[in-house]
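I have a structure I would like to understand better, so I am pasting it below and will then ask my questions one at a time.
Just so it is clear, A, B, C and D label the chains in written order, and each chain counts residues from 1 on its own.
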Amino acid sequence: MPQHSYGAIPWIGLTVLLPLLGFLVNGTLALVRPQAKRVVSLVGTGVLLASFIVAVLVVLQLRQETLIGPYTVTFWHWIVVDTLQIDFAFALDHLSAVMLLVVTGVGFLIHVFSVGYMREDPGYARFFAYLNLFIVFMLLLVLGSTVPLMFVGWEGVGLCSYLLIGFWYEEKANADAGKKAFIVNRIGDFGVLLAMFILWTSIHTLNFAVIAERAPTMLEAGGPVVTMVTLFLFLGCVGKSAQIPLYVWLPDAMAGPTPVSALIHAATMVTAGVYLVARTNVLFAMAPLSSTLVAGIGALTALFAATIGLRQYDIKKVLAYSTVSQLGYMFIGVGTGAYVAGVFHLVTHAFFKALLFLGSGSVIHAMHQAYHATHAHEDAQDMRNMGGLHRYMPWTFALMTIATLAIAGVPPFSGFFSKDEILAAAFARGAEHPVFYLFWGMGLVGALLTAYYMARLLTMTFLGDNRTGTAEQEHLHEAPWVMTAPLVVLGALSLAGGILNLPAFVGGHHALETWLDPVFEPAKKFSQLVMPHGSTELLLIGGAVVIAVIGLVAGIRGTLVRPIVVAKNAPAEMGFARVLFNKYYIDELYQFLIVSPIVGLSRLVLWKGVDQSVVDGFFVNGSAALMRGLGWLGSRLQTGQVGVYVILFLVGVVWILGSVLR
Amino acid sequence: MTDFLTSVGYGQWILHALIALPVLGAIVVLFGTTANAKRIGLVVAVLEFILSIGLWWAVDTRPGTMQLVAAIPWIPTWGISYRVGIDGISLFMVLLTTMLLPLCVLSSFTYIAKREKAYYALLLLLTTGVLGVFISLDLFVFYVFWELMLIPMYFLIGIWGGTNRLYAAIKFFVFTMAGSLLMLVAILVMVYRIRVVTGVLSFSYEHLLLNAVKVRSWSPWLFGGFGLAFAIKVPIFPFHTWLPDAHVEAPTAGSVMLASVLLKMGIYGFLRFAIPFFPSVALGPDITALVIGLALIGIIYGALVAMVQPDIKKLVAYSSVSHLGFAMLGVWAGSVQSVQGALMVMIGHGFSTGALFFLIGMLYERRHTREISAYGGIARVVPLFSVILMIASLSSIGLPGLNGFIGEFLILLGSFRNHPVAVGLATTGVIFAAAYLLWALQRLIFNRLDKPENSSLRDLTLREVLVMAPLVIGIVWLGLFPGPVLRKMEPATKRYLELADPGIHPIKLFSFADKSK
Amino acid sequence: MLLGPALALSAILFSIGVAGVLLRRNAIVLFMCIELMLNAVNLSFVALAQVHGLGGQIMVFFVMTVAAAEAAVGLAIILAIFRHTQSVDLQNINVLQG
Amino acid sequence: MTAAVFYLLGASAIASALLCITRKNPVSSALWLVSTMFALAGIYVLLHAQFIAVFQVLVYAGAVMVLFLFVIMLLNLGREASDVRGKPAWALAAAVMVILGAQFFAVWHYTPAQMASEQHSGAAVADPLAFFPNNALAAEAARPDDAFGALSASLFQNYLVPFEITSVLLLVAAIGAVVLAKRRI
């Protein structure tokens, strides 16, 4: 790719360098003078703002240039070994531009929010240091030109999520959650590593652009190599984007502060898997089997997570399972080959899910202050203790409603357009492989459940009568403007997000689709997708809207019909509800099937058994004992009886004579 | 820089200086007073390091052959001469040793209280032994230094060690000695057989390398002798039980030198002697299958057993077994990437495990216990210590962007072509590594600060930060800019691969090997 | 030339001596049996001296002197032991037990 | 004629040896040993080793056996309970006797002819005795007149050093015996 001076584009390095500087400054402050909150917040958010502005400039510059391949900025030769040449280089194309904007934009908003949310926390500086470091790694992931460089970002964000989930490390549960997240991610990374090795041995390159070039010619479409690569890549995505079976870490990740959940476990990191599939679209297009698997697992996760979300009482847990479910939708999108729909849903989801999380953050913040004021020890995140908060937090309530309508897929909001496109794509793909009809169906049911549990969340927290307790009520009040302002911005975005990719029948011209076309063009050769249009399209849309409305209404009425009891004396769940509440006992299953056997095996069998007794005991100490035994035997011979010596003597004589004479 | 070095004739005297300086230092330490023993030791160590930095420019590794070769006849009648030389591979081992020495001396200032003079003298002597092994080009001289290295280590563990240090010291000594005696026999038989065939009696490396092919009929046994000695040193799976005991009982500096440098002599021995001498045996189908199998076991077994260790030092020791299993896989996979990956693991492991042992030593100095359960939640009390411990552990589990990843990535990438299944299994080792180290880290610095003694821990002093700084910088630097190091070692690895090709008909030791391949 | 029979006689005497050593518990008698064995050896020396020259006979000289010295020292030891344990029975002289 | 005398002396030697080892009383076994020695002296004479015969009688029978008797008297051992060992010892002795006998019998067929032919790798040797280099010495010694000349010549010429060593040996033995036996030195 010829490197011309493209105005602002060479400044792309700044978007990563600035947060890195922010991390270094905040990091040293955390160690040296953690109480310098003002400086920390200025540096932390300022750096993000600057990086966002640079990103906008770069993207504007990119819009004017019509470049065929990605624009590469090489900083230095990273790993150089004989034929393997990996550079520390950023590749900027339309897809990474979109991600760049989302990461820096939403990132900036969440930084502003956390200035207010984490104000009293002693680890304030450390928190911002980790957040900045996270942005560095996320940008590395998005901008990396080669798979290993992306992998640096990939595991880097895993590390930051580990640090941030276990931010309040005094609690063993938080530290456990952090460790669990990292290890489950590592299982996913195992897949990415193997995919890299197969790629290297088959087509001798790890550079995304070169992969897109060489794959069609050097690899045979639908062949074993391509399928293996894509399956391993997908294993990485399952680990990172919390799909079945590796989703267990995301609900536990709610142990981290809420801005973390918003930034990492809603908007950016978890979407890395979708980005990876989109980035390597050529390979997935060439491997129909794995694409179908991607869509299948996406659909299954969407439905499965939605069911669990129904009976959760912790506000953040509901949102966590909703994220897992929405990610499932994105994978249905990219699985059916409608990469644009997947990315579009990724963007809109980033907006309204971040808004939902931050909104719940404000609610939890308010509840904390209330309980703090009256020294009550209640779970500030349990919806059963909330209720009727719309009187105290009007702004948060309004914005949360917008987000709920968006996620449910009600027409004017962004969620409707992106989710509808995915379902339409699944329906269209159904024509070729009937199994996609099943995925479409599961997606539809998932949409219904999503609408239901989001409505349930909204009513339990904001509507109905207040259950926090009379004393606490006067302490409940709206979050400070520094927290509500980002909410407003996100509200606007989730409201207007749809215009990014307005479908034809509403007069739009698929702006995002045309923008992302050059990126997904190589995949076109292998899997064409004709979107439904005309009557079928209208029918689908109508159905989706009806589903959304039914879900919402049922959600609201369902929760208001029975009086909700305050958390501390709530009756235990019964029957299937208990199964849902305990998330199908998946965690206990994993613990029983995988974790304890491995630990048990390695303690008893490997360490005590093999290492101590066999290798150490038997061979090492055993041989020592053998020598001692022989010595003892020898001494037994010296009985002191002269007679015995004579006999031994004679036996010797006889032996020698015998051997001589033979 | 290079012209300054040539002007001062650096190439001629540096190798001899590197060997002689520690010995002189040891003597001076012994004759000095106990109080300033450690100061002299530090001066000598720093001087040694400064001298050795010049090697980076002086050694021209482009041709890949031995540089700065100097030979002084020692016992002419037996063809033994004191030949030394350095190439791309041994250069980094020497630099690693000389860099760690001052850190070791600095870290034992407050750690060692009794018999300080002997301690620092032995530490310096150990360095001579180690450097000698890495630069000697004469089998006899190599063996002398190999044994010379053993004795100080034995005393370091035996005198300044923990509770049952004698058992550990003796076990370490007997284990290594058994192996090296077999190697001595192999050396002598090889030299003699070659003399019979060629009529020239000489222990020099080039001579033996040239004529090793002439003793083909003996090569399985000779390789066995060499291989066993190096396998014990690496340590490969069945011969590894001395490592945890030696580490647990050794003082901090001792276990750092043991882990970061002494273990690498095993792999260096394979790269320099065992494989180039008898490639047809070493890289034949069955030995390859055997070694890779053992390496795999080492990786996974080491990681799993490390997971359940109550003692943090034993945990890191077993992690070394796992890391060096990767290196062995890299060496035997026989592609440029995998061998360079093995070298990078040798260097990277030196940094990360060295750092871990230093930190554990500092913790031990404060709380006099290595049980993980005795700690908990100390991140709030000692933030700087926890940050450095976190960096060192992340480098050890191979987080991309730090040095651990480079080595392991190259090994796995390079070995995938001809051992795909082995690589698949080895990569799971990466998951277990994350599991055991993070679990230990959590029990150590996170969780609730419930034990009162932990709340009074004081953070790292300036001296301790000075010890850790070079390692942390090295970890980050090697992770982001491995280019210069990789380029410098590439010619040497290419030359090694030329020597180490099994040829058209490799020797099969066990008949079953044919069916399995 | 009585070589054959002489050697046979020597063998028989030697065996008797050995049997004596095995059977008797009395230290003195043990010594005597050893003397007997030595005489048997002397006999074979002398017998073979006919064939191989006087070297054999000279050996007998040396054997005799050694036997004499051995007898002297042996008996002195037995005296010392006797003084200590009042018995010459080999059975209970086992102070050198390992 | 000489053969007959030899067999007579041989038989008496064996008989007295057997009696020597079987007598309970040490004194009688000592005396039977002396009689064996006399028989042997006779045999030496037959084997043309007159000097050795005389030496045997003088030194061996005379000095050594006297010493034995002296010690036996000193310790006045008298009649002891049968100090012969139990059944297993007999069985072992018998076994050893049988094995030793078999081995000596195997040795017996090594006649000079056999030895000579073996060294010539199987070829029959005409005159086996000529084969042995210093056989001439033996022939000369057979001459009756100066039997002692040849013997003393080789003793004091070829074997002078061992001769001196034995004298030192005797000296040491004497001192040793004195130190051991004396109660207080």
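Assume a contact is a pair of C-beta atoms (placed from the backbone, for glycine too) under 8 Å apart; a residue touches a chain by one contact, two chains touch by 3 or more.
No experiment lies behind these values; they were computed from the predicted model shown.
Enquirer: Counting C-beta pairs in contact, which comes out ahead: A-D or C-D?
Expert: C-D
Enquirer: Of all the chains shown, whose C-alpha centre falls nearest the centre of every protein C-alpha atom combined?
Expert: Centroid comparison flags B as closest.
Enquirer: Hey, how far is the Cα centre of chain C from the one of chain D, in Å?
Expert: Inter-chain centre distance comes to 9 Å.
Enquirer: How many angstrom lie between the centres of chain A and chain D, each centre taken as the mean Cα position?
Expert: 103
Enquirer: Between chain B and chain D, what is the gap in Å from one C-alpha centre to the other?
Expert: Computed from C-alpha means, the inter-chain centre distance equals 71 Å.
Enquirer: Between chain A and chain B, what is the gap in Å from one C-alpha centre to the other?
Expert: Taking the average C-alpha coordinate of chain A and of chain B, the gap between them is 38 Å.
Enquirer: Do you know which chain D residues sit against two or more other chains?
Expert: 85, 89, 92, 96, 100, 107, in rising order.
Enquirer: Multi-chain contacts only, two chains or more: what residues does chain A have there?
Expert: 643, 647, 650
Enquirer: Residues touching two or more other chains, restricted to chain B: which are they?
Expert: none
Enquirer: In the complex of these two chains, what residues of chain A are touching chain B?
Expert: Touch list, chain A to chain B: 30-31, 76-84, 88, 148, 151-152, 154-156, 159, 162, 166, 169-172, 175-176, 178-179, 182-183, 186-187, 189-190, 193-194, 196-198, 200-201, 598-599, 601-603, 606-607, 610-611, 615-616, 619-620.
Enquirer: Can you name the residues of chain D that touch chain A in the complex?
Expert: 85, 89, 92, 96, 99-100, 103, 106-107
Enquirer: Show me the residue ranges of chain C that touch chain A in the complex, using the header's touch definition.
Expert: Residues of chain C touching chain A: 18, 21-22, 25, 30, 90-91, 93-98.
Enquirer: Could you list, by residue number, the parts of chain B that touch chain A in their complex?
Expert: Interface residues on the chain B side: 171, 175, 238, 240-242, 301, 304-305, 307-309, 336-337, 340, 377, 379-380, 383-384, 387, 394, 399-401, 405-406, 409-410, 412-413, 416-417, 420, 423-424, 427-428, 430-431, 434-435, 438-439, 442, 445-449, 480-483, 486-487, 490, 494.
Enquirer: For the complex, give me every residue of chain D touching chain C.
Expert: Residue positions touching the partner: 2-3, 6-7, 10, 13-14, 17-18, 20-21, 26, 29-30, 33, 36-37, 40, 43-44, 46-49, 51-52, 55-56, 59-60, 63-64, 67-68, 71-72, 74-75, 77, 80, 83-85, 89-90, 92-93, 96-97, 100-101, 104-105, 107-108, 111-112, 129, 132, 134-135, 137-138, 141, 150-151, 154-155, 159, 162-163, 166, 169-170, 172-174, 176-181, 183.
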